[in-house]
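In the two assemblies presented below, subunit A is common to both, partnered first by subunit B and then by subunit C.
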Partner chain A sequence: MKRWWIWMIAGLLPLQALALSGEEVMKKSQAAFLYPGKDFKARVVMKLINKDGQERLREMTMLRKNVGEAGGEQKYFMYFFQPADVKDMTFMIYKYPAKDDDRWMFIPAINMVKRIAAQDKRSSFVGSDFTYEDVSGRDIEDDNHVVEREEKVGSRDCYVVKSTPKGADADFGHKVTWVDKANFLPLKEEQYDRKGARYKQFTADEVADVKGIPTAVKRTMKNLQTGHRTEVAYVKTDYDLGIEDSLFSERFLRQPPRKWVD
Partner chain B sequence: MFKFSLVEFSIRRPKLVIWATVALVVLFLTQFPRIKIDTNPKHMLPENSDVRVWNDEVDKTFALYEDTIVVGVKNNAGVLNRETLGRIARITDEILALPGVASRDVNGFTTITNVTAEAGTLKVGPLMPAAPKTDAEVIALRQALFGNPLLVDRVISKDGKTTAIYVPLEKGANGAEIAEKIRAIVAKEKGPERYYVAGDPVARDTFGAEMFKLMGIFSPIAGMIMFIAIQLMFRNLSLSFTMMGVAMAAIILSMGTLIGVGLPVHIMSSMAPVFLMAIATDSIHIFNEFYFRYREKRNKLEAIRETMAAVSRPVRYTALATTAGFAVLLFMNIVPVQVFGGLIAFGTVVLRLFSFSLIPAILTFVKEEKIAKAAESESAELDRTARFLRRIAEVGATRPLATALVGLGLVAVAIAGTAKIHVNNNLVAWFKESSEIRIADTAMNQALGGTSLGYLVVLANEPEFMKRPEAMRWLEGLQRHLEAMPVVGKTFSVADYVKRINRVLHDDDPKFDAVPETQDTVGQYLFLFSMSAKPSDLDNVVDSTFQKANVWVQLKTWDAEAMRQVIEAAAGYQKAHPLAVTVKPAGIAYFNLVWNDEVLGDLVLGLGLALVVVFVILALDFRSAKWALVAYVPLLFTILLIYGVVGFVGKDFDMPLSVMSTLSLGMAVDFSIHFISRFRQHLVESGGATSEAAVREALLWTAARPGKGILRNALLFAAAFSVMLFAPLTPYMAVGAFIVSMMLLSALFTILYLPALVMLGRKHLFN
Partner chain C sequence: MPIKTSRSKQAPFTIASSPLGERIEERAAPCTRKERPRRERRQSHSLWRDGRGLGRGVVAAFCFIVLLAPLAARAEVTLSGFVQQNTAFNTEAANPDDRRYKWLEERAQLKLDATGGAWRLLAKGDFAYDHLGRKDESELREGYIDYTGGNWDLRLGRQVITWGLGDLVFVNDVFPKDHEALFAGRPLEYLKRGVDAVRLGAYPDFASFELVVAPDFSESRTPDARRFWLYDPMPGVTNRETVKPGQGDVGLRIYRDVAGYDAALYLYSGFQRTPSMRPDSMTVPTKITYFYPKLSVYGASVSGRAGEGVLSLEAAYYDSRQDRAGSDFAVPNSQTRLLAGYQIQPVEDLSLGFQYYAEHMHDYDAYLAAQPAGFPVDKRWSHTVTARLTQFYLHQTLRLSVYASYNASNGDHFINPEVRYSFTDQVWGAVGANFFGGKPWGQFGQLSRDDNVYLQMRYEF
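Then we have the complex of A and B:
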């Protein structure tokens, strides 16, 4: 009898090892979505659209450099082209896991670099419907992740992962992410507020291959409660350009090198 | 004639008439459960009215909420201590979790955006993300609050004793329910703090509840009082029941129709039952005459026929006048007033149909001996009341000139009073001073920037205009100009954000508490702000193209006049400081102003219309313009006198009162119609002589006999409406007082002044 038990457990083990846990899915997804390549550059066109269809434009060059492994520290550098009166404004973020970001902004009109407090990763990213967390990621350890089911989004097979914050202080209830089983990009994400109502929806609208890396070059974040949405398009995307670490400094915030921002 | 055949049919087939009525009543009663109440003052004007379309547009452009509940927290020892702040944090947290609350835009200590610089770092974010744990944190919070002019008078009073949580509601959310839940949340907190739950939705819903109370409790009480009064007058239960039955049937048919066609019940139509009950008292003339006739004839059916023949004409014409008086309301601009006018006009027609069918039908069932007993006392010669009325008429008939001169003197005084009338609507003043709402409103107005909110939308001709330093400075100047007015508590605009950021970026140096020099600087500051603030922070004060700016003006009073002063001040500022922009007012305070003006316009229009219509009806009835003119006098006199008193007392002339005065024409004229019709009828019946003595005698007879009906009618009317004097809402009280005094005065003036005028104008009237 005892032997039979052992054999049965032994027989089940490989099967369990094959299935990914929610946390593993989300880790792979974060690596695929936010950490691909050593560095990354894109010209980002952001349309902020209210429920009546009125548009506001943000256009910038975004540079990213990974300091360590996926899930680790990153540096971001942004140079704004649009709206016209903010041209030459630059914005820099040092992103740390499990710690508040460091952020700096250069205000050309008064020629001043100012540190900006980052007490809230869930505040809006440059006035869009994306939060800083949506753009640069949320610490995997902050939530419990469970693979709820598998489902198709369009023609792609996906894991459906429910993530619930461990702490009570989060300003959302939970989120559900549809992660592509093949390339681990999140194709859809729904965020629920603390009252349990769906209030934000992310969609990856177009995925393209850039230097062999699947990249969501068009994406939308929609606030379902206000009807406001933000559409983002990556116009020129590139990986592994060899961006120097020295770029991410106050000096270059004031005078960013042409070759990196154009 | 139709009506005579209706009477004949009713006394031949009384049972059929009664059962048919009962069936109808039951049928209409089935509609009652579908009742809808509408207490939103915005619905006073039609949806496509300019002001509503514009206000909706402004709400949309600046992402504003239609409804916001304001929760005030007051601690006499100051709210800036760890315990109170802990409570505020807990309360806000629970409010954020309530369904129907637009949580993302709730503004209180824990959620409102603050812009500060700490150790060289710019911080844009919630003022107090969590309740302070140390006294040092409390001190820091105090500095943050009083160091930021955007927060003072908005979330903290200058004395530090009061704070507020602004709770906007999602479209379609039930304000009453949410307010109730908020009250339950604050009730859980034990401490020295006082909580006030105020704001537009709360006021509206309280009003709705009181309306139900008025309909459900006061209407039946009015009915009971009338019942007792009728019983005292006629001492016959079946008669009293008849009268009440007729009134109830008419009320149920009218309200059933209103509800059945899907119209909501507004403040005005909630008064309809009391009105219809009072109008039903006009059938008192039928009973009055029936008693006199029965005493003379001792034959019930014959008495019914004769009674109906005698009173048919005046009853028909009074009904016509009443219907017309209310029907003119259909031509007004204010929706609930239209509905109310139509409702009462309809009810009056129903009542009159009953007068010629149901009443004669029921009279056939009344036991003869009972009538005989009751009719004993009904004699113009023996009755004390009748003798008293005769004596009043005698004064007028024997000293017509003196009576008329005294009247003229009173008119002169009344006109002087009328000149002092002050038109004003103040929705919060509709509640009594001791009401929770008034207390909350007063407390919040004393402590913070003001509960009545108006907007000044500044429109430019091109996008990005508002980022120009001159536009910013212009907004700032406008705000300072407005804040110098006593009615204005606090203002804020996009310029406040720009100035705040300028100062904070420059290490909180007061020198930089100003609009910067270039448009790019403004643009970059606002971009910086929008990167971290809530989207609504900027949306509320400027549109996405920076072509329109919205200046928030918090008023210390709900008086409609206050907003007019603001608009005038803004126009004056623009004249002194020309800029290529137009300023358009908006918001609830502006709505109240427009509505106030509509009321005034409606009043003039309605009064004019009613005067013409009633005159035409009088002239038709008497087939003489001269007699119509005479009949007009007591009515005009009464109204002038009441207006005069309103002016002298200094009571605001508001919506309910203006409507009352219009429709009072249609009701007060009844007495004149009865008096003159019956007087002329009697003159003809008694031989047609028009000598001074004959006319005087006929006048005295009229005063004593139909006059008793008039007095009874007036007393019943007054009795029914006196109930409203005890209503919990001031408009109902005002209406009650207005109607009671109008009925009693016009009855008195009819009996005193008609004889005087007829005697004075005898030669003209009878040639």
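Then we have the complex of A and C:
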């Protein structure tokens, strides 16, 4: 039995094979977090809260439709209710994997549709602490992903994945994501700057079951360096509504159909 | 073209014509109104063309719509609006009327939006008081009914229509504007005026179509000669009148995606939106008549991602139907207009936009031959460059922007810096300035004494 350890390793091999790689975890997480359902609709209420507790409100209806499989192309349509000076404004994104988005904005005051430059996915979404990437996802291939350990967040077992940008041009150093082992939702994420200091923290504060799909209906992004945070609540969330492809067009950007944006 | 008080590539008469056109309607209002049935072929029942004293009409129209709306079964009704203070004061010189303000006004807007099934009604009424002599400035900004069908829709009523890709440069945007609003430091939305029109949209699979038919002609609003110093080649002639076209106009836009680019074709048949002027005699003029020459426009545009930013290309042929030979000095020469724009976001919350814009006169030799002696002559080509910088701060609640335009052919320039801050989600304020310069007859040069600093403060609900 001198070679007991060989048998031991051999016994573990199937388990090793079953364990997910960092990239697989993040792919499943992306599918669970950003791609569930064929389409999706939510009334999004964003509270931008500064360190003194002063609040600003951003409220919109967000519609999303997947063009293909998880990780593939998506179309987003947003209609703004608040603040008052952007009411009735609409915004459309065609999101492509491994390619810059196409974005359009409709300015109702002058009835004009405008294509807008979009190469910076790391810029703030409507002034909040979320970036465009936080809202619509970051390409899995842009980072190296390693499962560092497993750990509980609250009562949930999680993979802890460290993601480091492959390119040198990223404006952050790395991020660490706690991915729920059961439903693959990211329950927590910490972003580190290039000096290694933690500067942003995401938390999924409430997960609800919507049409059988676990959905993070409350989430917070906090800037740890400025103390500013953004709390997001998804209300009236729904999946698989049969949103037509034609919705994502200039026609409806100019005249958003009431049935989709209420 | 760059927002201008007139068409630059024409006889000097037209350079100054549009501002003066406004003067006539202003200064000679009492007499032209009496004479209207004789000179104005069209009966003015359209609210906005009736001039300034239309407050009651607007209030009545708005109230009617407000009362009507809830009657619509199952309609979802929302009411919103704002109150606003807007002041612009001169930094260079007093106005021709000796006042030192370009704008001094309180304004309230009520917007009613009712939707029921395929129908929608929108009414946007402004109630405004001007402290610089115009007094009641109330108007129905927009008021229309929408019907949305399967792959078509219809909009009927007063509506704002914007075509083309330019940033304060208009190639295919042939719809009425308010140039005075921009130069007097009013919020951007006032740059556009509504048209009373029927707009039919059709959306078959292969392309989208937008047909706009306006039964009556609507002109652009040009700066008031009492508030702005404007070039006038014949200042001694005080007898002036305006003749508006007795018919409307029609425009068609066809657009679709072509390999990831937004492509569009534009066709327009109507009239110039700013007037030309014709004296009754070149040697001893006693009377000047303003008119809107016939115009057709054929254009195209394309925009899409290029490199890190968005590239916009636009072109149009301006067919001056009233004088295709180009030999009538009072009518604009036929033109080609070209625009190339590039917009980029180099870092977070900063965006930069650049434009190159050219106008080319087609019948230049005829233009030169017809040009009356002693008047400034434009070049065959006019080259303009513009730049816009927009930077956000404080979670996009503070916006700094600068727009600059420079015409390399005649030195005309215009600079508009602005700082805008949202104090709360309901209240915002802006401080900005308009600086003009160039030759005394240039589109901006003639406004060089009209530099102003403006304030806008708005509470929205």
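Miscellaneous remarks
The criterion applied here is as follows: the second predicted complex is superposed on the first by the 249 of 262 C-alpha atoms of A that agree within 3 Å, B and C clash if a C-alpha of one lies under 4 Å from a C-alpha of the other, contacts with A are read in each partner's own complex, and residues count from 1 in each chain.
What we mean here is this: a residue touches a chain if its C-beta (ideal position, glycine included) is under 8 Å from a C-beta of that chain, and two chains touch if they have at least 3 such contacts.
Keep in mind it's a predicted model, so treat the numbers as computed, not measured.
On the shared subunit subunit A, the superposed partners subunit B and subunit C overlap sterically.
After overlaying the two complexes on the shared chain, residue contacts for A:Arg258 are found with subunit C alone; subunit B is out of touch. Contact with both subunit B and subunit C is seen for A:Asp85 once the two complexes are overlaid on the shared chain.
In the superposed model, A:Asp52 makes contact with subunit B only, not with subunit C. In the superposition on chain A, contact is made by A:Met105 with subunit B only, not with subunit C. Touch criterion met: A:Arg122 reaches subunit C, while subunit B stays clear of it.
Looking at the shared chain after the overlay, A:Lys181 reaches neither subunit B nor subunit C. In the superposed model, A:Glu250 lies in contact with subunit C only, and not with subunit B.
By the touch criterion defined above, A:Gln225 lies against subunit B but remains apart from subunit C after alignment on the C-alpha atoms of chain A.
In the superposition on chain A, A:Lys28 makes contact with neither subunit B nor subunit C.
Stretch 186-194 is the one among 42-50, 186-194 or 258-266 where subunit C clashes with subunit B after the superposition on chain A.
With the contact threshold set out at the top, residues 48, 56, 83-85, 109-110, 112, 115-117, 119-120, 123-124, 126-127, 228 of subunit A are in contact with subunit B in one structure and with subunit C in the other. Here subunit B touches subunit A in the complex through residues 60, 63, 96-99, 102-104, 118, 120-126, 129, 170, 464, 467, 505, 516, 518-525, 527-528, 530-535, 544-545, going by the rule given at the top.
For subunit A in complex with subunit C, the residues that touch the partner chain are 48, 56-57, 82-85, 87, 100, 102, 109-112, 115-120, 122-124, 126-128, 228, 246, 249-251, 255, 257-258, 262.
Subunit C meets subunit A in the complex at residues 76, 80, 82, 115, 120, 146, 148, 153, 159-162, 187-189, 191-192, 201, 203, 208, 255, 260, 262, 303-305, 308-310, 312, 343-345, 347-349, 351, 392, 395-397, 422, 424-426, 428, 458, 460-461. Those residues of subunit A that touch subunit B in the complex are listed here as 48, 50, 52, 54, 56, 83-86, 89, 91, 105, 107-110, 112, 114-117, 119-120, 123-127, 193-195, 197, 225-226, 228.
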